[in-house]
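What follows is a set of structures to go through.
The following pair of complexes shares a single chain, chain A, combined with chain B in the former and chain C in the latter.
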Partner chain A sequence: MSSPYLEHANTDKAAHIWRYTPWKRAHPTGTINEVPQSESPEISISLVDGTSVPDGITIEPATESDIERLGHELDFDHGTAAPKFIAAVAKKTMILKIENKIKVETPLIVTITTSGDICASRLLIDIGSQVEAEIITLIEGNANWTGILREGQYGSNSIINDVVTQITGNRLVRCDALSLCRDAQVKAGTVNASSSQAKIDIRHWLNEPGSSLKVNGSILSSNENHLDSHIEITHSGRQTHSRLEWHSACGGKSNTTGTGMLRIDAGAKGADAGQLFHNLLLSEKAKANSIPELEVLESEVVGCGHGTANGPIDEQQLFYLSTRGLDEEQARAALIAAFLNTPLSDMGSNLLHGWLVERIEKHLNLI
Partner chain B sequence: MSVTPLLKIEGLKASIDETEILKGIDLEILPGEVHAVMGRNGSGKSTTAHVLMGHPDYEVTNGNVKLDGEDLLEMESYERARAGVFLSFQYPHSVPGLQVGNFLRRSVSAINGEEAAKGPEFRNLLKEGMEQLGLDRSFLARYVNDGFSGGEKKRFEILQMMLIKPKLAILDETDSGLDIDGIRTVAQGVDAAIRGSNSGALIITHYNRILEHVKPDKIHVLIDGKIVKSGGPELANKLEERGYDWIEKEVMANE
Partner chain C sequence: MSEDAREAVGDYKAGWHDPENATIRFDYGLSEQVVRDISALKNEPEWMTEIRVKAFHHFMERPMPTWGNMHMLEEIDFDKVCYYLRSSNATEKNWEDVPEDIRNTFERLGIPEAEQKWLSGVTAQYESEAVYHSIREDLEEQGVIFLDMDSGLREYEGIVKEYFCSVVPFSDNKFSALNTAVWSGGSFIYVPSGVHVEMPVQAYFRINAKNMGQFERTLIIADEGSSIHYVEGCTAPTYSTDSLHSAVVELIAMPGAHIRYSTVQNWSANVYNLVTKRGVAHENATIEWIDGNIGSKLTMKYPAVILKGEGSHAEVISVAYSGKGQHQDAGAKIHHLASNTTSKILSKSISKNGGRGSYRGMVTVSPKAENCKVNVVCDALLLDEASRSDTYPTMEVGNSGARCEHEASVSKVSDDQLFYLMSRGHSEEEALALIVNGFFEPFTRELPMEYAVELNQLMSLEMEGSIG
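Here is the complex of A and B:
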């Protein structure tokens, strides 16, 4: 079988994206020249309140022209192996389409249920212009290895909260490649609590003027989890705005990595960007790495900053809660929940937030 | 028949990083009493409050403290809170991500039991308290002390006191940063909670403004980690008029 993947199977090991989880380790079999047999997950859509999905929102098999129009997998540079691999291994490509001007009041859930040994899916996202919607992509099921590639675009002037969550699971490789059209306002959230191993690679392109992006991450690692996220934001349109806030609570013997790449292309005048990685260290054996990187090729920018913070639970906060009657376990749980809640509560509406909190709260006792 | 004091502190000494800050404090509050502690900056007022609450940074090197006859120093901070001690912090800590409403429920249920933190009674108490303190409903969705103004922090501490209904309330400069209406509300809150009950309060302050509203039974002057003088409410006016120098002189003359 020949595929564009095989030409890119060897990754640049020096690039920081591959430093902590080499592709050999993320690949389902470890034999990187292999594109093994896979299963396709079940994918369905529903609304959180159980009412029926309105007209104008569909999920169906994608056509060749959809893939040509929305596929981004070739735009990845040093990270090409993973998205191309998923494109090669996935048997089906689906497309989630929301037509122009559709406004959905309650969050839409895209449930991806995996099974079997290797389970992969390519999902195109086609959000029309002036759409207002909240989308939760819920990855669940018991496949040993799951690969998800999401590619597509948010239409002009759309207002979208797009959250991808895997609360428990085995091994995951997830690649997102999404572009924001003119004046689109997007909040892209990731919630991950205890995948055994996750390699997450999220890329956004702000190619057109006036678009605005907030990337939020709430990551809870425990036991021997190995969670590695790479977040890349490219500003090439004028007057574009982005912020990244990535919080990881790291317990047990887990290993958590966050690498960021913030790129401001020449011509992106008035770009305003910032990224922050924050790790809460909950045990002595937990490891956390965060490496934000900047590449600024335009001089007329409003702001461009990055930072990282690492530390254990704050003793003064712990004391404050204990004076309010919380024993150590209760106080720690409250503080971990609070830490994860800062980005979580910024992911979308109260309804969406409540739905996420309900699911993540059960996992706080894993730590 | 003698009453068991609500709070009895004897010979309390405490250090931080080997530096002795409290150098022997004796103080007794009977049920239903309100006491005030006054003293210059750095005299050890907040240290006293923190030590009573079990702050891990301080080491108690001498003395004992009894709450209703029970050894307070033996207890963990959360046990002291559950036993009925409440500290309104001079500088309360912020907890970004933890919403006020959620925090109040967790705290009231930890101290007064799960039942106390739900149902219409709790909601009414909360609503009334917030109205009295001039806090808007949207306050419940904010993060604990995060971005609060000085006055909001103090009001929030008092709201917690109103919901928890402690046996012993320690107010560490809750009056600073409050306007006169705020002070009146705090005073009413303390009065309502303490007077005619078996509770008590220890009010730490620099100013006698709050003491005009909550008439204290006793005033103690703290200098360099020791209570050097105790007296009735008239002492507060004298301190406000004349400062602390005269007391220091008096103490030195006696030594």
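Here is the complex of A and C:
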């Protein structure tokens, strides 16, 4: 079971993905050739308002053919070690299925409750065509190290808001590998507020024409957190569209990294892609790194661009709020909240936004 | 010129070569003995020989980079490179004294004419050694030292010993180790305090022989409050086999000094151009790299500035043109070590006929560097479907007061712009050439006029045959 991982265990330090969090550091024991025993998390689904989950939405153990269909077709390139490791240690593979044409107005919560020292789960995502849904994957529990591998596809013409959040927790390695079918419209959100160490590797493939993706990240790092996110978007279908907006508020002695790879394959005519990383540095000892990479192999593109901006809280904005009666602390908190709220408010409906804000708010006091 | 070579380089106009008239030519391949022989031939002090030997061992032990165009790098056969070739026995001060065939080469490249018209000084390097060298008398009287590096070592050993390898240690990377082991030629410049060298000084590097390695070493020290503009140009003949150019440039800008280093690299498409360029800027000093990469097979060049002194400033403006079979992997590195330092990087690249242009950059702000400002802009134009453009920027910010911005975009030539120019009577080809020249304008306006005109003509030539 572990052999496919061991072939990829030695990573290339020159690859940007391992530059700030080497695999040795992200691996649960630090011995990269070790494939330790792990616990399986509890996984359940519910709706935000507590009503029952509609028919056609299920979570169940995946079959071999599910894994064959959704799990192995995607290539992690330089980052293969982490997903292969999670696949090797996870005892169970589950599949979240939403059948064709299902429309759910209330956000669906997939709760992953971890326990034990090492806890790993492989979750396949199989969204049918013309599905309209909002999915919140909530990672909680008290495992010392959590590994989550999410693989799968969003069906053609589906409209999906897919948010993954870890608001409390210890060490996390999360890998996403998801493809968008024809004309799928996906908003993929990540909210991370207090992982002591997180290595997040999110990859999306826009292989079919007309698909559209918005990746949003709202990251709050404090204390001695070490949060490293790598986001990769590959356009290979025609007339595809993607945007990435990643906001990190960095406080305490935290170290926050955002690396992105935007790749436009030859033949992806009419691709329109852009990525933005914003880092708000809140304390003297916080550190932020960003590497937004771009590889363009097609000339007939609408546009491809990326940008990154690092800076402190704007003093003019602080001054403005103080003239409105807020003390410095209140003004800072308001500006940090607004900074994090920009991508957060774009992750889905008001209901989803409200649910996320409620959970992240108390963590603002940490910085 | 062989058919292969003609195919590879197209209309490269500096692609002729002269018969080889070497007075000394080393066998192909590198060994400790070759390194010691180069040093002995130059009668160097022992400390320099020791550095060379240490660098040689470091080069041998150090693996090839595992990033960049590894495929092209692996094609370099270090055993098939000639590491030292001397075609003239002396560095002359009068063009008349330079051997005729070499003088003819530089006359065809327009160097003596340019010197008379608009330069403060010229050094011309042919293969491994400088063959001509001069500086305006008034500058010499003000104490400006402008020598080829070998003469610099002989005449100002103390200064060279103090600064050599101080900015780029031989252990910095594999190619800086190679250069330190076998360096020959290059420029040594010292500008005394308060002296402003108004007109640029120029170095021109020419590789003539096949399978040649050129490893010049340049050291420029601008003392307090002084300024200098150094311009270098490079060409080589067109051969079907590859040559290697691996230079190291070290700049030291003392407090308040200003160094501008302009390069128009137009090596033929069989030259590997693997160069390490780095400067240190002390308090309120400015270092500017104006870097044009038009030729070569593979260029890996990331001009760097270490902003060591408070209030220092760095600027890198680079353009790259990648045609068939070319990969221009260029960029910039800025390290903000002191407070109130600022930097600006502007990178522009054009890829055509399957060429690949990459921007690879790094900006770091150390935790103690307060109130730093960084602005990085990368623009790329892709002219056809076979070409490719990459951007690999890295930003590491360790101070909360730093304001760092990076933006990049990749696009094709706008149909609207083409249509507008064609409606004004230009052919599509002319319109494209105008747009490309306009795209490079932020770079060309920083060059001396003669270079800018030359570059525009060069780009128009490259754009010929782009349409249809």
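Everything below uses one rule, namely that the second predicted complex is superposed on the first by the 362 of 367 C-alpha atoms of A that agree within 3 Å, B and C clash if a C-alpha of one lies under 4 Å from a C-alpha of the other, contacts with A are read in each partner's own complex, and residues count from 1 in each chain.
Methods note: a contact is a pair of C-beta atoms (placed from the backbone, for glycine too) under 8 Å apart; a residue touches a chain by one contact, two chains touch by 3 or more.
Keep in mind that what you see is a predicted model, and the values were worked out from it rather than measured.
Applying the stated contact rule after C-alpha superposition, one finds that A:Q316 touches chain B and leaves chain C untouched.
Contacts of A:I159 after superposition: neither chain B nor chain C is touched. Looking at the shared chain after the overlay, A:V301 reaches chain C, while chain B stays out of its contact range.
With both structures placed on the common chain, the touch criterion links A:L356 to neither chain B nor chain C.
Residue contacts after overlaying the shared chain place A:G325 against chain B, while chain C stays out of touching range.
Of the two partner chains placed around the shared chain by superposition, chain C is the only one that A:A286 touches, whereas chain B remains out of contact. More chain A residues lie in contact with C than with the other chain of the pair chain B and chain C.
In the superposition on the C-alpha atoms of chain A, no part of chain A is touched by chain B in one complex and by chain C in the other. Residues of chain A that touch chain B in their complex: 314-317, 319-328, 330-331, 334-335, 337-342, 345. Residues 53-56, 76-78, 80-82, 86-87, 89, 92-99, 103, 106-107, 110-111, 143, 160, 164 of chain B touch chain A in their complex.
Those residues of chain C that touch chain A in the shared complex are 65-67, 367, 380, 382-385, 387-412.
Against chain C, the residues of chain A that register as touching in their complex are 12, 14-16, 264, 266, 279, 281-301, 303-312.
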